[in-house]
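One chain, subunit A, links the two complexes that follow: it is found with subunit B in the first and with subunit C in the second.
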Partner chain A sequence: MMQLLIIAPVILPLGTAILAFIFTSSLNFQRWLSLISFGLQLAVSLLLFEKVTHSGLQVLWIGNWQPPFGINLVIDQFSALMLVTSSLLVFCISIYTWSQGINLREKQLRYYPLIHLLFMGISGSFITGDLFNLYVFFEIMLMASFVLMSLEKKRSRIEGAIKYVTLNLLSSAFFLAALGLLYGNLGTLNIADLAQKISLVESANIVMPAVLISIAFGIKSGVFPLYFWLPASYPQLPSAMVALFGGLLTKVGVYAMFRVWTIIFRDLQTDLSSWFIIIACLTMIIGVFGAIVQYEIKKLLSFHIISQIGYMILGLGIFSKYSIAAAIFFIIHNMIAKTNLYLVGGVFEYTQGTTQLKKIGGYVKLLPFLSIIFLISALGLAGIPPLSGFFAKFLLIKEVFIQKSYIAAAIALGVGILTLFSMLKIWAEAFWKKAPQGDQVYSVKTTLKLPKTMYISMSILASATVLMGIEAQTIFSWTLDAAEVLNKPEIYIDAVLKNPL
Partner chain B sequence: MESVIFKSAERFLFPVQSLMAMFFLLRGHNEPGGGFIAGLIIACAFTLKKMAVGHEANFWLRSFSARRLVQLGWILAFASGIFAVIKSQPYLTAIWGPSIFIPGIGKIKLGTVLLFDFGVFFLVWGMVMGIFFLLIED
Partner chain C sequence: MSFSFILMSGILFATGIYFILRRSLLKLLFGVLFLSHAVNLIIFLSAGLHKARPAIIDNEMTQLTAPYADPLSQALILTAIVIGFAMQAFFIILIYRVYKSIGTDDIDQIRSGE
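Moving on to the complex of A and B:
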């Protein structure tokens, strides 16, 4: 039974995708199917998390092939946490898109199989213990998201999708080249096996694949010199979809970066850590400055994704147990808060048909409850106590200070203030100011009603942000456990390679 | 395409290609061949057929819907892993049955691997045929 549970995060979405692909005639069936499937996924992730917390790493060799030759799935605390967070997000998004509100072209019915395949790629990347398999899951994710992007044949959308797929294929090429070099040098692609054997080779042979792989993951996650595709493609999508992409896809890149740099390329890390810190700082600054000038919510939030990726990379660059734990805390907090902000942006799209801040307004009177949800998420993202973002930033910046990177700490603090500034800009423009009158193309409504499902999903995510702030102690202890494994790769190696079948 | 030579050649090619596909499909696993190659060959056979006769003329050509083939292949490949789960082994563990002898090909070991190969065969067949048919119609 345990064996089925470990692989469930991959085969559950796969099976659902097949079912959704066969029974395409009924929209209602598809909705219920994905709701149930994502609900099950959440339950499975929680079970796995519980299991990992109590009895250590879970390893499965698919098809019973002997280690290290077979393909394995490894679930440690880090991947379990990511699984739980991502399945919570897709569950909420599937509730959010229940009503026809979002312009998703649900009726095309191609949306559902693809969304499950996309999620299979995401959760597969989180649990795989093999670099080549990681590549395969990345490709599944890329192809599914590309087709999802181009479902609606609008000029701007196709343009964004092509930019997205081109740069991400480039990233795949880099990744594949790195895998070739690694395999040529070490004869294995199993993460644990690589970590064990990497010290046998001269480090000059490892630098090239390490750099290539970082470029690949850097493109995926959108770090400083490689982020251009992100603000070019994400804002073209409908809000619910961009919530899914922005909340999850870039974080998969960050996850992979953490995984390879902590477990495989550990020894190189110490030489390169100043580079990581420089890149992280530049990513933070460029992202937040990009966001400040934007007056379109989805563009603004897309630049904020980049800026927040910087914080995560900063945690990796400092490279102590506490900084990694803080960065993992940050990833979880950011996934939830950012997704919820996109969902709020989706409400503007649904009610007024636009996300231009200049053209909307007066939402504090129109939808008071929505403004509370927005405030929680926005202040959480900016890092106002007692919400989750405060603890994430506090833990991270404290550790940066302890490790004596004062400039990086100052930049992180400054970027936090600028984040608050652009969140307040949304607040002032969309909620606080009166709805623009006069010769507007968009009719200004005086009363609005939102479907209940939208409220439910956004409330779940907003309360998750609040809970993460209240229960910061517990969650930080979990992320510390996760960082423990990343900090001591021996635990990971032993669990994978000395696991009796 | 109106060409008598092409049409008559195709009439002989089609059965040969289909047999080739079956041969490669069953021969696979330990020797060169397998579901992917077989799927490509049979998709080529059907594409040639369609180019030669046009689909209006041929009733049974239309009964092979690309979409259905992909679905069938997907189900078979997915199901081939489930058998191992029932026997409480990790997903996708190969489970072997008895061997049978097929003249002209040789001994074939029945098992979930063969089922997986069939799944890949149908999936590739449907996928490639679907793409080709779309291109021809344009």
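Moving on to the complex of A and C:
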């Protein structure tokens, strides 16, 4: 029975989505259903995390097919951590959208079933132990995100949607081609089995699928030079949704990148690590420079997503146990802080109807509590102690120094300062300066009231950022455990293949 | 035999990418369609093209005997085709909606909405 819990992160959102589709006309029902379902999801993820911590990797062979023929679900520390973080995020977002949603009632009705399907794809990608199954979950996730993206007929939305859909279909094609080549070479697509057999084949045959798969995941995670779709499409979405997309979807790409490069292609990794570092540095620089010139808060944050993907890829490029652990720490910290910043951006959208920094201001007086929440997340993102971002960057950059990549370390530090600069830009424009006067279209309000649900969700995420800083040691020990599995694929292979059923 | 398949898949890939890079919405659609066909051919080829029996164990036997066709790649391609079909159906609708909203086939015209 406990074994079946492993599949719950997929079944739960699927069931919820079906229920939400059936009762699509009742908004209240869907709200409660979503809240309960995401709450359950969080509980299940925590339970799974606890199980993985105490009794090692959890494997489920679906339909009791003998390994390596059936499809299996594997939960290791890394996937458990990602599951917990992502379900915390969707839980908070579902509280956040309680009263505000995505503005329009009728759209909100169609929105709930879709976010559950989206989340099913996300958590499925985290727990699958089979590359083809990963492709299927990716497609579920993509399909839901395509529909969410084109729900509204606005011209800018459609423009963003077409770029997003095209690039993602391209990435799926590359992914699938890589799977075909891998299967042709090795006769299996099970991750553990692939890892075991990969050394039997000449590495020249593996380079092609490895590169194709990296391009595919690179498009999804938005690394340089494959990031163009991201700032073009994300800012067109309503804030609550862009929080979901920006916080989760790109990180699924990063997760998949980590998974394949550490477990499957690790022999190639040593040859290509300098390329990873170069790409990571370029991603960091381009992202942060893109962000500096922006005055639209969602665009600015979208460029920051790219810049921070660079840090994660840097951890993968350095490829030591500690750098991977630090990168996983960074992923978790970034998901939480970035989502919260988008939610704060959503408050501007909700109260003033715009996210243009030039047109808003005076929020430090209007909503003092909001400015505290913003400061925590923004300084956390920039890496000011004692918040989570400081430890994430400190651990990562320290390891980069130890591995003697001094230029990369310098770039990472410089990008950190620029991140702080653009966070302070938001602070100065939206909170500190007086609300712009004159002939602007947006009426300046003197008092604002936010729904309590928005405060609750943002406070949870802000306190998570603080807690991650205070409890950095505990969390780093968890991510070290996760990196241990990624660093020694034998653990993964043994857990999956050695004790069947 | 497999060489012609490889060639075909390569041509489809190249055509697909070329079409995606064009400015026309319709060509974009065809580009995506071609790409998915090219990929399906690669998966089709992955198990090798050779004469073999279906992978069914005979009544007298307890195991599969040597020349049998790999059924898994067929299962993979079937899944890939179905998913690809759904994606393409969605994409066609999206393209149609874009066409209706901007009233032209030229992708560059969309950008004026920014």
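Observations, loosely collected:
Assume the second predicted complex is superposed on the first by the 494 of 501 C-alpha atoms of A that agree within 3 Å, B and C clash if a C-alpha of one lies under 4 Å from a C-alpha of the other, contacts with A are read in each partner's own complex, and residues count from 1 in each chain.
One rule holds for everything that comes next: contacts are C-beta pairs under 8 Å (C-beta built on N, C-alpha and C of every residue); 3 or more make two chains touch, one makes a residue touch a chain.
What you see is a predicted model; the values in this text were computed from it and never measured.
On the shared subunit subunit A, the superposed partners subunit B and subunit C are arranged side by side without overlap. With chain A used for the fit, subunit A forms the apex of an angle whose arms reach the C-alpha centres of subunit B and subunit C; rounded to a multiple of 10, it measures 40°.
In the superposed model, A:60 lies in contact with subunit B only, and not with subunit C.
One of subunit B and subunit C touches more residues of subunit A, and that partner is C. When both complexes are overlaid on chain A, the residue A:27 reaches neither subunit B nor subunit C.
Legend: residue contacts after superposition of the two complexes on their common chain; A:143 is shown touching subunit C, with no touch to subunit B. When both complexes are overlaid on chain A, the residue A:40 reaches neither subunit B nor subunit C. Of the two partner chains placed by superposition, only subunit B is touched by A:14; subunit C is not.
In the superposed pair of complexes, A:172 makes contact with subunit C only, with no contact to subunit B.
Fitting both structures onto chain A leaves subunit B and subunit C with a minimum C-alpha separation of 9 Å.
Common to the subunit B-facing and subunit C-facing surfaces of subunit A is no residue whatsoever.
Residues of subunit A touching subunit B in their complex: 1, 3-4, 7, 11, 14-15, 18, 21-22, 60-64. Note for the complex: subunit C touches subunit A at residues 16, 20, 28, 32, 35-36, 38-39, 42-43, 45-48, 70, 72-73, 76, 79-80, 83, 86-87, 90-91, 94-95, 97-98, 101-102, 107, 110-111, 113-114.
Across the complex, subunit A meets subunit C through its residues 132, 135-136, 139, 142-143, 146-147, 150, 153, 155-156, 158-159, 161-162, 165-166, 169-170, 172-173, 176-177, 179-181, 183-184, 187, 189. Residues of subunit B touching subunit A in their complex: 70-71, 74-75, 78, 81, 84-85, 88-94.
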